[in-house]
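Next, two complexes with chain A in common: one pairs it with chain B, the other with chain C.
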Partner chain A sequence: MNHTNTLTPNRFDVCMNQLLSAFDPKNWAKQMIVPIIAILVFLMLWSAGARQVHTSLGAFPGPTKVWEQAIALWEEHKVEQKKAAAFYQRLQKRIDKAIAAGKPEAKIERLRQRKYTGNETFIDQIVTSLITVSTGFLLASLIAIPIGIVIGMNNTLYSAFNPIIQLLKPVSPLAWLPLVTMVVSAVYVSSDPLFSKSFLTSAITVTLCCLWPTIINTSVGVAGVNKDLINVSRVLRLGWLTKTLKIVLPSSIPMMFTGLRLSLGIGWMVLIAAEMLAQNPGLGKFVWDEFQNGSSNSLARIMVAVIVIGFIGFLLDRGMLSLQKIISWDKHAILR
Partner chain B sequence: MNKYLEIDHVGITFPTDKGPLTVLDGVNIKVEQGEFVSLIGHSGCGKSTVLNIIAGLLQATQGGVVLEGKEVDEPGPDRAVVFQNHSLMPWLSVYDNVRLAVDQVFKQTKSKQERHEWTLHNLELVHMSHALDRKPDEISGGMKQRVGIARALAMEPKVLLMDEPFGALDSLTRTHMQDSLMEIQASLNNTVIMITHDVDEAVLLSDRIVMMTNGPSAKVGEILSIDLPRPRDRLALAENPTYNHYRAEVVRFLHERHLQKTPDHGKPEKKAQKDEETEAANPAECTLRLVS
Partner chain C sequence: MTPILKTDNQSSISKKYRSVLRKGILALSACALLNSGLLAQPASAAVGEPEKEDLKFGFIKLTDMAPLAIAYEKEFFEDEGLYVSLEAQANWKVLLDGVIDGRLDGAHMLAGQPLAATIGYGTKAHIITPFSMDLNGNAITVSNEIWKQMKPNIPKLADGRPKHPIGAQYLKPVVDKYKAEGKPFKMGMVFPVSTHNYELRYWLAAGGLNPGYYAPEKGDTSGTLKADVLLSVTPPPQMPSTLEAGTIYGYCVGEPWNQQAVFKGIGVPVITDYEIWKDNPEKVFGMTKEFTDKYPNTTIHIVKALLRAAKWLDENNDANRPEAVKILAQPNYVGADYDVIANSMTGTFEYEKGDKRKLPDFNVFFRYYATYPYYSDAVWYLTQMRRWGQIAEYKPDSWYMDIAKKVYRSDIYEKAAKELIAEGKMKVSEFPNFAKETGYRKPQTQFIDGITYDGTQPNKYLQQLPIGLKGKDKI
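Right, the complex of A and B next:
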C-alpha cells in the first residue's frame, strides 16, 4: 500500500513536469543556446581576424568599433532630428509674425513651403531604400503576376515568352543601370518632378531584375493546376474569369509566393548596387559615400550598413513568409 | 422508342508515338431513366474513357452519346462527375466547395437564400452537415468523397457519373459509402453510371452491370441485369443464392478475360495460381472453378 501511495504522486509529478517543461523558459534557452554560441564564436573570429587586416584606413573594424559607430550613427540621427524640429519651430514663429504684420498671403505661403534641408541621416537612408525597393518590387509584381498567369495558361504564349525570359533573367543590374538612367533622363522630363530621377532609376532597375523569378514561378504554378480540378471547372462550365479566380489563382498561390520571395531577395540585393551608381539617397549611397569619404571610421560605418542590409533582407523575407502564411490556403507547406 | 441515355457505337482513337491506338471500338450502352448501371472490366480496358466521353471531357472519334435526344459534345453540369480522388478545391471549405457548384448551376434560377439552403440540403443528404467549415485537408477520405457526391448531386444532374468513387477508400468506409449511396439513390432516383473494380459493389448497387472486354479496342462484353428487390441489404444478400449467382457470373466473365490476357504477360500458370489464392476466399468462386 505504502509503495503505491508514494508512487502515484510521483508519477503525477513526472507528468506535470513534462507538461510544464514544454512551456519552461529553460527549454527556450536550450533551443537558443546553439545559435547564441555560434554568434559568439563568429564575433570572436571576426574580432581576431579583423586585427590582422591593415588597410590604408587603419585596421579592419572589429565588432566593438562597429558597435560604436552604430551608436554614433543613431546619435547623429537624433541630433539631426532636433535640428529639424528647431528649424520648424523658428519657421512657425516667422509665419506667425508675418501674419500678425499683415504680410501678403503669397509671401506667407512661400514660408510655409520651406523644407528643412539638413543632412540625410543613416535612418533616413534606410527609409529611402525601403521605399525604393518596395516601389520596384510592387511594380515588378504587378507586371510579373499577370504575365505569369497568362503564359502559364497558354502553351503558345509560354513558348513565345520563354526564350526572352531565359535570356533576360541572368542579366546583371549593373548592365541595366546605364540604359535605365539614360531612358529615365530622356523620358521623365518634368519641371516639378514628383520623384527624383535617381529614385526612378533605382526602382526601375530593381523592377527589371526581380520580374523573372515571379514570372517563372507563377507560370509553373498556373500550368501545374491539378487536371481533375480543371475537369471540375469544365463540368461546371465555369467562365474564364471564374475559373482563373476560383481555381487557377488559389492553386498557384504557393508557387507564386516562392517567386515573390525570390524576387524580393534579388530586389534588395540589386537595390544596393543600383543606389550606389544612381546616387539614390539610400543605403547604397551611404556605403559609396563612406567609401569615398575615407575617414578612419568609414570602414566601421560601412560594416554597420552591411549588417543592417543583411538584417533588413532577413526581415523582408520573413515578412513575405508571414504574408504567405496568411494568404495561402496550404498551411501544411514547409515554409522556411 | 429512344432510351434516356444512349451510348451509340462509340469509338475513340488516340494518336501515340507508335501510331494510332484504338481504345474503344463500337461501345453500345442504353440506359433508362433512374437506372443504376455499373461498368466493370480489367484495368486499362477503357472504362474511364467511356465515362469521360459521356461527361464530354473527351470527344469520341466514332459514334456519339445522346442524352434525352440531344447529342453530348461538351462537359456540363447535367452530367455531373464524381471523381475517384474527390477533386475538391483544397482552399475552399466543405460548404464553399458545394456552394461553388450551386452558384454556378443555379445562378439564374435560384435566389441567394435558396442556393444557401440547397447547398445545406445536399450536404445533409450525405451526412456532412457537421463539417461545413472544414477544409478538405481536415476531413477523412470518406468524408471528402461524400462532399464530392454532394457537389455532384447539387448540380441536379440528369446522369450522375461516378469514376471508381470508393476505390481509394478502406473497405469499412467503402461499405458505409455504398449504403449511403443506395439510400440516396432510393430517395432521389438518379440515373447513375458508375465505374468499379469491385464485384460486390457492382452487384449490390446496380440494376445492370456492363462488363467490358479488355483493351485495346474494348467493347461491351456482356450485360447482366440484376433482378434483386430494393432496398437491398448486404447482410441478407450475402446468403442469397441469386446474389451469389450474379457475383459468380461477373467473376467468371472477368476471370475468362483475365485468362485470355495472360499469355501476353508470360508466366501464365503462376499468375493464374496467384489469382486462385486470392479469390478462393469466397465459396461461390470455388464451386465455380470446380465446375468450369
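Right, the complex of A and C next:
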C-alpha cells in the first residue's frame, strides 16, 4: 500500500506498548488516586450505616466483620485441604493393605481412583462458577455470532428472526429455569455422567439469557458497515467469504465486542440466580446456603460473596476489554 | 526346631519337661488364635463386601441428621468400605423426589415419608427403612404476640414460670378471638406427611381445636376442611422468617429452628413433642426397595455405620454431644450457631427467653432401642393419616400391619446388629431380644391427653381419639 518506512510501529509493537503501559507505575498512580479515595469514603459510609441497621441476625455487617469472614473462608478452605490430604493418606494405607492381602487387581484399581468426597469450599465454588459461566458464555457466543452476522447481512433473514429475538430477549432466567431443568432431566440420562445435571442446567440458562445482546449488537455492527467499504468490495469483485472476513468482520468488531461484553455481564448475573435455584455448587449456591443457615456470621459471609461476585464480574469485563483492544484494528479508539 | 534346653546329656525328666512345655505352648497359641476371632465365625455367614461403594445421601438442615454427619466425620462409613457424600436438600419434596428418581441413594427422612410413598399418597414409590434415626426432637413455637395472649391463662409454678406441659386448650381462647375478628389462624409445619404435622394436629385436637381434614379423593390436599387452625407447609430453614413476617402465628418444626426463634427474639416454644408423646419416633433413614434389593450388602453396611454413629452420640450419658454440636455447626451440615444448636442437644431446652429447663431426652439417638424400626411406630403414623383423611377410606387392622411390615424392615436391622455384635463393636444388651421381638411396643400411655396407644389394634385406637375420622367415616 503506502511506502512505509521501517520506523512505523507494527501491530506487535503496538500491542506490547499497550500491555506495558498498563503496568507502568506512573500511569497507575495518576489513574488510581481518585478511585482509591472514593473507595475509602465508601467504606467509611458503609461502616457507619451498617451499625444503624439491626436485623434479627444481629447488626448488618460492616467492613471489619466482612474482612474477618473472608479470612475465615480462606481458613476453612485450608482445613478442607488438610482433611483431603488425610483422606488420601488413609486411602493409601487401605491400598497397601489390599495389595498385601492379595485382593483382585480390579478392586485395587478402584481404590486408586477414589476421590475425596468432602465439601466444596468457597474457593472451589468460585472456580465452579467461573467454569459454568465460561461454558454458558462460549456456547452463547458460538451460536450468537454466526446468527448475528447472517441476519445483519441479509434483510430477509433479519425480518424473519427479529420478532422471535424481541420476544425471547426479555425473558428472565428464573422463568427459563424450570423448563431447562425438566428438559435436561429428561434428555441427559446417563449412568456415568460427565457433567452433572445442575451444571448443565445453569450453563444452558446462562446461554439462553446472554445470547441476545451479542446477536443484536453483531447484527447492528454488520449492517452498519461503511457503505464505501462495501463499494470497494464490489469494485474488487471480492467473493462472499473474502468480503465477510476482510471487510465486514473487522469493521463490526467494536459493536460485536460491545455485545459480547454486555452478554458476559448479563451471563455472570444470571449465573448467580441460576445456581441458587439449580443448586449448582458455585457462588449462587453459597449465598443460598448461607441464607438458609441463618447463623450470626451468615450476613457477613453473604457480603463477602457479594464483593467477590462484583470483583469477578469486574475482572471479566476488563478481560473482555483487553481482548477487544488486541483484536480491534482501530488502536486509537477510546474504549471504556 | 532348636531345643530350648541343652540336649547333650538329656535326662528323661528334662525330656518330659520339654515335651510338656512344647505342648503347653501349642495349646496356648491355639487358644490365642481362637480368641482373636480368626477362627471364630458366627453361625450366619459374615456380610460380604458392599456392591456399591460410592453413595450420595441427602439430608435437611436439622440437628437430627447428626447420625449421618457423625458416621461421615468419624469415618464409620469408610470403615465399612463406603465412600459417602452428604448433600443438603432444599426441602422435603426435593429430597423425596431425589431418592425416588435415584439421584440420591438414601436420605434422612420423616417417619411418614416412606409410608406415604408406599401407599401412594404423593408420588408413589416403594420406599423402605431399616433404621430409625432418632426419637423426639421437635417443638411447637408461637409468635410473641400469641404468647402474650396465651400466658395469662396458663397455670404458674411457685416461682412464676408457666407450668409445663402447655396443652392447646390455652391456645383455644386466642384462636376463638381471631376467628371472631375474621382473621384466619395460620400455623406452619414442614410436609403433609411429616411427624410435625401429625404432632401439631394431635396437640391441637387434644386441646379441642380442629386442625382440618384432607380430602384427596375430592382433589383437596390442603388439609384445611372444617379447620379451626389452618396448617400450611414451609421448609424448616424458612420457618423463623415466615413467623417474623407474620404469615403464620406458630409452627411445629425440628431443631435448631425453635431455639433460633428464641435467640432471634421472634417466638416462644410452648411445648416439645417429648411432652406430646414421650419418646416418639421422628426421623428414619429411607432408601428405595429397588436399591436395597439390588445392593443388599451395601444396605447392611450403611445400617452398621449409622448404628455406630447413633451409639457414639448417646455414649457415656451424652458426653460426646458438644463435639457433635461443633460438627453440626459447620456450614455444610446445619450451619446454625454453636450456641443455638447446643441449647437443645446438650441436655436442656429453652422455652421463653431465659426459661431453660432440663430435658436430657430432647434428642435420643440410641438409648431406649431408639434405632429399632418398630412396626407399632409405622402403624401410629398410618392411623394419623387415616384420622385426618389422607387415607380416605376405612382400612382393616391387617392392612395397617401389612404396610408396616413392607416398609419398616427390621430384618435388615437385625442382620446389621448381629454383624456388629460379632465384630465386638456392640453388645447384645444394646439391642432388643431379636428372638422374642414382635416389632410392636407395649401399649404406650404417655400421651398428652392420656389416651393409650396399642399398635396391634389401630381401628380401636382411632375410635378413642376425640377429633378425627373413625371407622367407616368419610369426608
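Criterion: the second predicted complex is superposed on the first by the 294 of 336 C-alpha atoms of A that agree within 3 Å, B and C clash if a C-alpha of one lies under 4 Å from a C-alpha of the other, contacts with A are read in each partner's own complex, and residues count from 1 in each chain.
Assume a contact is a pair of C-beta atoms (placed from the backbone, for glycine too) under 8 Å apart; a residue touches a chain by one contact, two chains touch by 3 or more.
The shown structure was predicted, so the numbers you read here are calculated from the model rather than taken from an experiment.
In the superposition on chain A, contact of A:330 is made with chain B only, not with chain C. In the superposition on chain A, A:146 makes contact with neither chain B nor chain C.
When the two structures are aligned on the shared chain, A:57 is found in touch with chain C, with no touch to chain B.
Of the two partner chains, chain C is the only one that A:292 touches; chain B does not reach it.
Contacts of A:231 after superposition: chain B is touched, whereas chain C is not reached.
When the two complexes are overlaid on their common chain A, residue A:310 makes contact with neither chain B nor chain C. Of the two partner chains placed by superposition, only chain B is touched by A:246; chain C is not.
Comparing the two interfaces of chain A, the one with chain B and the one with chain C have no residue in common. Only residues 53, 61, 75, 78, 83-85, 88, 90, 237-238, 240, 244, 260, 264-266, 329, 331-332, 334-337, 340 of chain C touch chain A when the two sit together in their complex.
On the chain B side of its complex with chain A, the touching residues are 55-57, 74-77, 79-81, 83, 85, 87, 89-91, 100-101, 104-105, 135, 137, 155. By the touch criterion stated above, chain A contacts chain B in their complex at residues 226, 228-229, 231-232, 234-238, 242, 246-247, 250-251, 253, 329-332. Here chain A touches chain C in the complex through residues 56-57, 76, 90, 110, 114, 117, 119, 279, 289-290, 292-296, 298, 301, going by the rule given at the top.
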